[in-house]
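Naming follows writing order (A, B, C and D), and every chain is counted from residue 1.
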């Protein structure tokens, strides 16, 4: 029962590699096991928004961690460029959350106070001001919230950079290696079993995204992590359309480099089917064209989807398994995987090293599921 | 000035190869010159409808030739399968031309008499009858015309089969060989010049589709053949949606094998830009979903376009050049290239052999452009 | 515990669909569960050889079943065309197994007697005769065996046709649905568990190819089915090169329609990694060019691979599970999946219906693994 | 005869856009006309080597311009990143030109003196030193020349960055717009004719690469610019293989980011056929594996080709047309298009502005063709 690595990470996506990167910076040896190719699932499907304000509708632990993680990006960009020569293309031109109805206006305006209280630079723009800031947006809005600090990165490049940086620090990886079972011994997880071998280690971290349920079901504490498909499409245009990311309840438009725009994303729960639906394309197009009529003149590029892991209370699970010692989970990041990837790496590395974790992280623990079941209200 | 081939065909699309096939069956030696790869432009972009009734709004020579060409397909299918082992997948389940407005109803009903007079099996269906025949169609129509004999083929396979059949009979082809000039001698076309050589022959046929203008401009009789982009998309679904092709003024839906549906086609004149526009996709989707609501549940496949050659009076040019002896043209087939390909091959082979041609073919002659200019009304 | 289907088939590849087709022809209700998309793994990666003589080095049950299955293809082609309008493109121009060394010559000649005894039309050709039959083959061979009855089909089309035919007869399918556990009750398999539901049925058939081990490991009778990657490449050429399939020990060349040639296949055991190796491409190219020097002039098309299921004794497992009632397996077809697909469907349908099975089928039973373990020599 | 632009550039590849960039920095208005999509031909097919030492076998004007252009890259990288946010990924880890035979050793060693004389850092390495510097290279070499300053960029990114920078400075572009004729008036080129319009300007620059011959043939001074196809392939590997570019007479290996290696390039003259030949792939693989045996373990990625413009004396043509005033040419860069792109932009902008040009540039003038014809020896 030879243990070659201090930590096994099951799942070679952005969360797995961010953790591998944090651990290997601390001198801990890591093996990443990936059932297909690394970063080929939702890690590369994301539009790359760093949308603390847009995605999080109330304050609380997740909002605090989101802000903290977003603020890590400028230093992270420099660090990853230095280590890997990959430019993650961080852009911080802000984000416009646009109201298309009176109801949306009220909801969005309701988000401003707690953000200001937290020190975020957010402001409300009238319909005219919205058009002044982004002239391609339709005049027919109810205004919008401008969040100056939100931004975006190139998600596939960030995923690749985390992986390359971790590998350069000694992390190993095995692709096309599916973990089919956890190996337990006296109430402790001591390794994993693949189709062809048994690999032992004192610590196993599951970063298996929407595919987390299968491995956990054999433990006495299964988590409800379920898949939500997000469909996207992209278009290109020579004429510049937008500088800032534009966000609404059912559709966002992210301006990428060289005149490329990503339009996303549907939310279709409980399916692993990666095919894009006609209704999804149709709905995204209708909404995007209504917001930015000039999009009609753009050229079609392509469609794709990602299967994102969602949880019952909308917060990821990051922590140790309540009953199986040596097993850890970081999953359920849903639409915040890119945003939260840097801080998830650091949090999990702290947990692995046994450091004290703060109250916000506590709120993401797996144990909260027990409290939920017993009727205690979760804190966002 | 060695002449190795009796006929040079400039343009390796479906029209060029259909002519090559007809000529080589008659023992005439042919060289096809193609500037890119064969069959890569609109010949392979077509949805493959054989829509005599739907596409031709009045009787006349083009309608007669269309019917004749359509009726050649059953024998052609057997012949090409025998010669090439390629199945062109002829399906003759009929076509439904659906009226979405009162105006469309009147237009379509106006097309019935001349078709019946010509012996076509066409009938008018009430909105309820339309749904009876194709239950996936919306109840909100003004009825439709059912043409029992119309059908479809797999356009890329038909294009490939014509080419393979011609080659098996001795036709030669040079790909990636652009003709940059016609060689003339004493008012006669005696060959062509490519980037690298001069090739001589007594007869040169231009089957250059939307790219016909450039070579003709140096003659004293340029034709107005102009490009019209047609954009298409395809979707797939397990649940069978349609058996017959459904046609409207701005959108058609062609059921292909294995649950694949082609939705086409926009008409964007005067562009060679093959990129698909967002407005095109959006418009096709809106119309198709309005007609067949269940299309929403289908899976997205892809988008593409074809650059189709159109003429001023909507009829192709098939005939000899009015002033440059030895030069022939078969171009301008617009949306009828697949339908008219078999008969175009036969007509041009007759012309090359100096056979008498009938009145209908006369109406497609290049000379008609002179008459048009002089105010004589063209006959469709 | 509602049972909606008489039979559940886990695995939507060619074997699963062939069985579904046979069962549904007999009026038995079937649900196919596929973890990704149907037919996307080795079923569509195969070159489609029907190579009884080339692949089976000695007589015995597998050879007999191979012959029987091959002889089913002409009728199957007509039947599937009728039911699905898909042409599986059966070609029976024979196969040449070429000897490149004296040792290969001896091995191949040693295969002739048992084949002749079985009534196969096989003959030995001298090096000159080889070139006479296929003039593109190098003169530098030690001759070859010609098997007149062997042939080929278009593997992706056959896979699609089995599926479409089964569906048209009432078989249902769920894609992107991974089975994560068998449900057992009192020593009986009574259904399967997916990520999202439990599905009950009295009969469960595993047609999971190289991915069979995981589900069986929880039973007390795991089978050793292991993956062997086969890498292929394809080229195209206008000039016809071959009519018959050419086979050697490390490389075969299969002429497909329209001037396309498939060159395969490497055998790399114990990997699920679908990426193609540089060494694989290099080795296939070297061998193929040595055999058919004119291949050098062909155009490159693409490379791909398939993960094939192999067993310890080289024979597939087709039969009931020795200890878990209600569970059946059809896996381990290795390089004979296309060839054996028709007969596997019929055999498994017989087993499900409780019909007597013959001695040849007996030899493929799962029970033989016990005998092997106890030292009894397996019969090929 | 309205002239909207001071300069028309025919050809939207890297040379056209580099010139457009230089001109627009100087406040000159430019329209780029591209027959297909910008940068889709050899500009994006190149491996991106900046190989002054490896590609230029003797001193002289081309060598001097090559050095000068290469030395422009560090500043250019910063400038383009600033203007476009595109990172051209300049790497200057040096280049190893490896001798595989005694003859190659002599040839390469013969190149060292003139380079040292020019101030280049080049040195000769013994076979052992070669392996010390790049341990993956075979021990079976005759040594190699190490050029410390040579490097590489990401060619598609450089092409895109030139275009985006030019557009941001006001350059306009029309894609899918083929120029079918030059418009001349009294011995002067005054514009161009496309399929759909006439565009007038006092200055027209042809940057049409291998497609330059057609437009020039109608002038009284056609240039012999001919196509040479270069075929490439790429592989990926987790294990780092090389840091420096490795170059030999028939094959080079360029290490790109994230474990990707480009292996190039064949030289097949006088074809516009972009398809990759089996012989090309086979020859590149054989040579590359002989040099770097561990390449066998890499994963296959893809193959592609570029059609490069070559001239009789191996030097590009950069200058004004000898007899047709207002017409300029920058073409024939062959394998040095990426390397020479920055300086070509500056040279042509100087010529357009009527600035004095130096002796090295003089040597690339179109007039030299006259001298060649009259027996005067060209200077490299």
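Things worth noting here:
By definition in this document, contacts are C-beta pairs under 8 Å (C-beta built on N, C-alpha and C of every residue); 3 or more make two chains touch, one makes a residue touch a chain.
In this text the structure is predicted, and so the values were computed from the model without any measurement.
The minimal number of chain-to-chain contact steps leading from subunit B to subunit D is 1. Greatest Cα centroid separation from subunit A: this falls to B.
A rotation of 180 degrees, rounded to a multiple of 5, brings the CA atoms of subunit A into register with those of subunit B. Between C-D and B-C, more C-beta contact pairs join the chains of C-D.
Between subunit C and subunit D, the centres computed from C-alpha atoms are 49 Å apart. For this pair, subunit B with subunit C, the centres built from the Cα atoms lie 41 Å apart.
Among all residues of subunit D, those that touch two or more other chains are 275. Subunit D makes touch with subunit A in their complex at residues 84-87, 89, 91, 160, 164, 167, 173, 238, 257-258. By the touch criterion stated above, subunit A contacts subunit B in their complex at residues 235, 275-282, 285-286, 289, 295-300, 303. On the subunit C side of its complex with subunit A, the touching residues are 37, 175-178, 180-181, 195-196, 213-214, 217, 227, 270-275.
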